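Input: a single structure, listed below in structure tokens.
For clarity, chains are labelled A, B, C, D and E in written order, and residue numbers in each chain start from 1.
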Amino acid sequence: MMDREKLVGSVGVGEQTIRTETMEVSMGPQHPSTHGVLRVVLKVDGEWIVEADPDLGYLHRSFEKLGELRTYPQGIFLTDRWDYVSAMNNNWVYCLAVEKLLGLQVPEKAEWIRVLISEMQRIASHLVFMGTYGLDVGALTPFFYCFREREKILDLFEEICGARLTYNFYRIGGVSRDVPRGWLDKVEALCDYLIPRLDELDDLLTNNKVFLARTVGIGVIPPEMAISYGLSGPMIRGSGIPYDLRKVAPYSVYDQIEFDVVTHDGGDCWSRTWVRSQEMRQSIRIVRQCIEKLRQMPEPTFDDPYGPSTHVMAKVPPKPKPKPNDVYVAIESPRGELGVYMVSDGSEKPYRMKIRGPAFVNLSVLPAIAPGHKVADLVAIVGNVDIVMGEVDR
Amino acid sequence: MTLTEISRAIARFLGFDPPTDQAAAQVILALIDALLIFGFLMLGVLVLIYVFRKIVGFIQARLGPRYTGPRGILQTLADALKLLRKEDIIPRAADRIAFNLAPLMVFLPAYLVYIVIPFGDPETGLVVRDLNVGVLYLLSISSVTVIGIVTAGWASANKWSLLGGMRSGAQLISYEVPMTLVFAVPVLLAGSLRLSDIVRAQGEFFWQWNAFRLDFFPFTLLAFITFLICALAETNQTPFDLPEAESELVAGFHVEYSGFKFAIFFLAEFGNTIAISAIATHLFLGGWKAPFPFLPDSGFWSLGWFFFKVSLLVLLIIWIRGTLLRVRIDQVMELGWKVLLPIGLICVTGVGLLVSIRPSPTEQAKQKVAVVSECPVSLQKDDGPFRWCRTHGRT
Amino acid sequence: MGEVIAFYILALIIVLGALAVVTGRNLFHCGLSLAAVLLAVAGLFILNGAEFLAWVQVLIYVGAVLVIILYAIMLSENITGERILLISQNRGVGFAAATLVFALIAFLGISLSGLLAGHTSSVKDPVLALLEGADSNVIVFGTLLLTRYILPFEFASVFLVIALIGALVIARTAE
Amino acid sequence: MEIGLSHYLILSGLLFAIGIYGILTRRNAIALLMCVELMLNAVNINLVAINRFLQPDWRIMTGQIFAAFVIVLAAAEACVGFALVIAIYRNLNRINVDEINLLKW
Amino acid sequence: MNDQELEQKIKENWGDGIVSLRPSLNGLEVRVTPNIFKEFARWLAADQEMEFNYLRCLSTVDWVQEQEIEVVYHLFSLRHRHHLVLKVRVPRKEPQLPTVSDIWATANWHEREAYDLMGVFFVGHPDLRRLFLPPGFEGHPLRKDYIHDIERFDDEFAEKIRRGEIQ
């Protein structure tokens, strides 16, 4: 027979809550809803999350070390693999950093092409987000619609630079090829095609009653926490702070383009999704302005069919050797502030190249907001951060 | 040509002509009925899965199966063969007996439900056994699936499948309550639990069917809608397909099953979908009756109308499954207990009050049914296993 | 003839299932054998013409009570780790008591059935007038329930509500 | 060979006896409650059998109605019983009947 | 506030601790000594006029010749829209620096990454453990003198896993 103290002692006399032991569960890295190979170690009490600790490094290829072993022009090919959903922006930030170190002036037509391509890439990336986020929350249909639209954008990219995912279209001092004839009309046709499609997507997902039930009030990030955690992109604009590098620190020709920064002060998963879907419309507006500008610029003179045409490429030595200096350059990628801190020591290879990944920083807020939610919500929150593991793990 | 005559013809074809009075003959005839129903179920599920893939594909702007056979018709056959050929893995820590029993316990109710469902006008014998406790039978059989699902979850000895099993068990139970209430509405209107009586109690014109009746307007339509929602929840369809919520629990209770057993779960799920739509047509959409009296609906026409309505409902379910997204488990429970249950109560009390004011349906039922609905010929004349209850004036 | 075969099959299932429940080592298997017993008892009811009662038994016992039992088993046994080993104690006493009771009932049963066979209760029930046209067990069951046995019917509903609230209070976790 | 009342009485007696054996030997609270269910079922069989054999007029089904109320009772009892068992398990982490003998803990 | 006012303000308050003040490609660049670094950082964030409440990026550079590791903070003020580059140099032997994760929460993961890849130890960090590399990993890959010996690394690592040191 159990002796009394042991029995009573173990239970604790008086008012005692019913003990349910917390269960440690690991979600990922092969979990279908984590994008790529993210593993989150969860302490779960029944259905509720007590603690969430992301375990990174499954896709760590140490681009920063590789950057130090490549000459400047060679480095561009690496950048496509950082954030493989919007590879164009990676190219751009790397080339921008080197141009700033070299003090190089990029021809105007190249600047406008860069803005046009980057904004199209933003639309494509947001479409991927809407599709996969729908899958996380359980809607199978939007995924197919989003990827059908994205295919049309990728076809246009294929026409201009021959690739659909790892483009390396940008060069130090400009872009690798001028715009083929008739390409701008196709882009304009695409813009007209996209507007009704985006409204259709909104009805299907963003304003869907059940989607609202699954995302409103989930993963709420107050503005101070957003600032303190250094969030950027739709994550910080979803909490009401209009921090958009294209307006705050305009680079390239963004100061000549008017568009408005989309913010929503809900701070929860739904407002971030809404911000992304509205941003797509702003990007279409920018693309239209770029098309007008590019139409007035000189036509491409294909004197050298294979080399870059003179309008879009500045004079750059094959192995540029910038003077010893250091610079931090950041652009507004679809996920947020994508920055590169580059230190040159006069040789042909960068001395140090630090990549500031937006998804990496945005994910760091997860341990702070996850506790208190349910397991099903965690999937919605992680999906909402729109992480791409290539850039989180670098 | 009633069902039992078909089965007797098959028996004669098989070379023995059973004198209809021995119990043994009775059992054999029942066996043949069972095989006929099983054949229908398999065929129905095969067609349903193919149609399901094609339509969801169409909804999602893609083509669906196209390569197996002309326009992908043989796709489901190919899936079935693939599943049969697949290796049947049993986890080492699994509770072997329960693990093998669970798929059976989930499939049997989906199959037994068809005994009571008339496929057409009972006069033409298109029903296996038109029990006079029809609706109650449907309810109790469908409540047995919960045990199968819970056993499947428990027996595969893995944390995730247990969670999935308990979740879907809880969901099924909490939706059985509003379902029972909503079942009561057509029974109140018809005054009997027998499915064929319920269908006969519904009027000739389609606006006299239980779903769109104008004399009990708000309640019956509400009951029909609640029934559809509960039906979706009972068969684990979107938006309530929590158990197979890929993103959270990675395929719920049948995650450890593979090969033939997984095919049985799949068969049961789609079998249930057809069964639920068949029940909905009988209770709310006037069973085998044509929307207008002048359209022919006796004999094999009734079969035609019945399948037409069932396919409409199945298409509706597939459409919902293609568009809506999944609801969280606590929202499912909340909807079940806090919304559907009160609605069910309101419907039953509403119809109950209205029925008690108007002349009681039993008299109406009596005038309409001149002849007592005789059960299939074979049972009538001879000595069957239920001889006792027949000699006591009970059909 | 059919009825005899059916009775013996069902009786066999009931006895074997009950023995499995009582002596089973794995708790979950006891639950499943209890399910078999309950379904077999429902079969017996059908044999005796009580169709409504049979399907009520399936609905309530197998559909609800057994599910509660299975949930209780799952909540109380940890998932992995040692299997649920049930060791029964003081078998002797149990066995003796069981045989004693069985002997008593069997003796009573046989003697009484012989005695009572002749005398069938002739109580006339005023409700009979109501049941003239009824042809099916369900209709009679329903009318009787709401006419002759209305009081126990109402009491049962109150009783169930009390049980429901009681269970909720006991099992709820302190939110 | 007809099935008479005695067959049913012997069957329900046997079931009842097995139930009693179970209650006396089982140490796990859940198994105990299961045996209670067995005994209740034995009672039901009896009720229905007697009603069928000793009541010529099939429309007087007092036995069956009584059995129905027994089922209702059993459901209520099971519901409360298992709630108790789960509550005990949560606090004491074991549901071995011999060890739950403290009135207040 | 433009760079000159900033430079002026910093000079007044922190004359001695400042190692150098010079304009760079990213606006004003301030180099500070490690011992006054924590108060200086807190002052930058707290001061109403400047209010650098947004840490854009925290990077580490390994200057092998001078045997020093330089930690670079790129700060930004959301309200005043001005930038500042804050640099600190710590000796390469055992690089130690007080943490700033209590001022800017984003520094939590940045510092863990710096510790993991460069070996800079941040005093006072709530949970300083490796972020990307497996727990049993030795050495800091981003250091210039880090030699990655493929064979030795794989056998050793496999051995460790077998011994169960790393799950």
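Quick note on the criterion: a contact is a pair of C-beta atoms (placed from the backbone, for glycine too) under 8 Å apart; a residue touches a chain by one contact, two chains touch by 3 or more.
Note that this is a predicted model, so its numbers are computed, not measured.
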Q: Give me the fewest steps it takes to get from chain B to chain E if each step has to go to a chain it touches.
A: 2
Q | Length of the shortest touching-chain route, chain C through to chain D | A | 1
Q: By CA centroids, point me to the most central chain in this structure.
A: B
**Q.** Top chain pair, ranked by how many C-beta pairs fall in contact
**A.** C-D
Q: With chain centres taken as the means of their Cα atoms, state the distance from chain D to chain E in Å.
A: 72
Q.
From the mean C-alpha coordinate of chain A to that of chain D, what's the distance rounded to whole Å?
A. 64
Q) Per the centroid of Cα atoms for each chain, what is the distance between chain B and chain C, given in Å? A) 27
Q. At what distance in angstrom does the C-alpha mean of chain E lie from that of chain A?
A. 24
Q | Junction residues of chain B - those touching two or more other chains | A | 159, 392-394
**Q.** Multi-chain contact sites of chain D, meaning residues that touch two or more partners
**A.** 58, 87, 90
Q: Name the residues of chain C that each touch 2 or more other chains.
A: 3, 49, 52, 56, 64, 71, 73, 137, 173
**Q.** chain E partner contacts - residues on chain A that touch it in the complex
**A.** 56-57, 60, 62, 64-65, 100-101, 225, 227-231, 241, 243, 248-249, 325-328, 330, 337, 339, 341, 343, 351-352, 354, 356, 360-361, 364, 368, 393-394
**Q.** Parts of chain D lying in touch with chain C, wherever the complex brings them together
**A.** 1-28, 30-31, 33-35, 37-38, 41, 44-45, 48-49, 51-61, 64-65, 67-69, 71-80, 82-87, 89-90, 95
Q: Show which residues of chain B lie in contact with chain A when the two form their complex.
A: 56, 59-62, 159, 238-239, 241, 245-248, 250, 322-331
Q.
For the complex, give me every residue of chain B touching chain C.
A. 22-23, 26-27, 93, 95, 97-98, 101, 131-133, 136-137, 139-141, 143-144, 146-147, 150-151, 153-155, 157-159, 162, 166, 169, 173, 176, 192-194, 362, 366, 372, 383-389, 392-395
Q.
If we count contacts the way the header does, which residues on chain E are in touch with chain A in the complex?
A. 24-26, 53-57, 59-62, 72, 74, 78, 81, 83, 85, 104-106, 108-110, 117, 130-134, 141-142
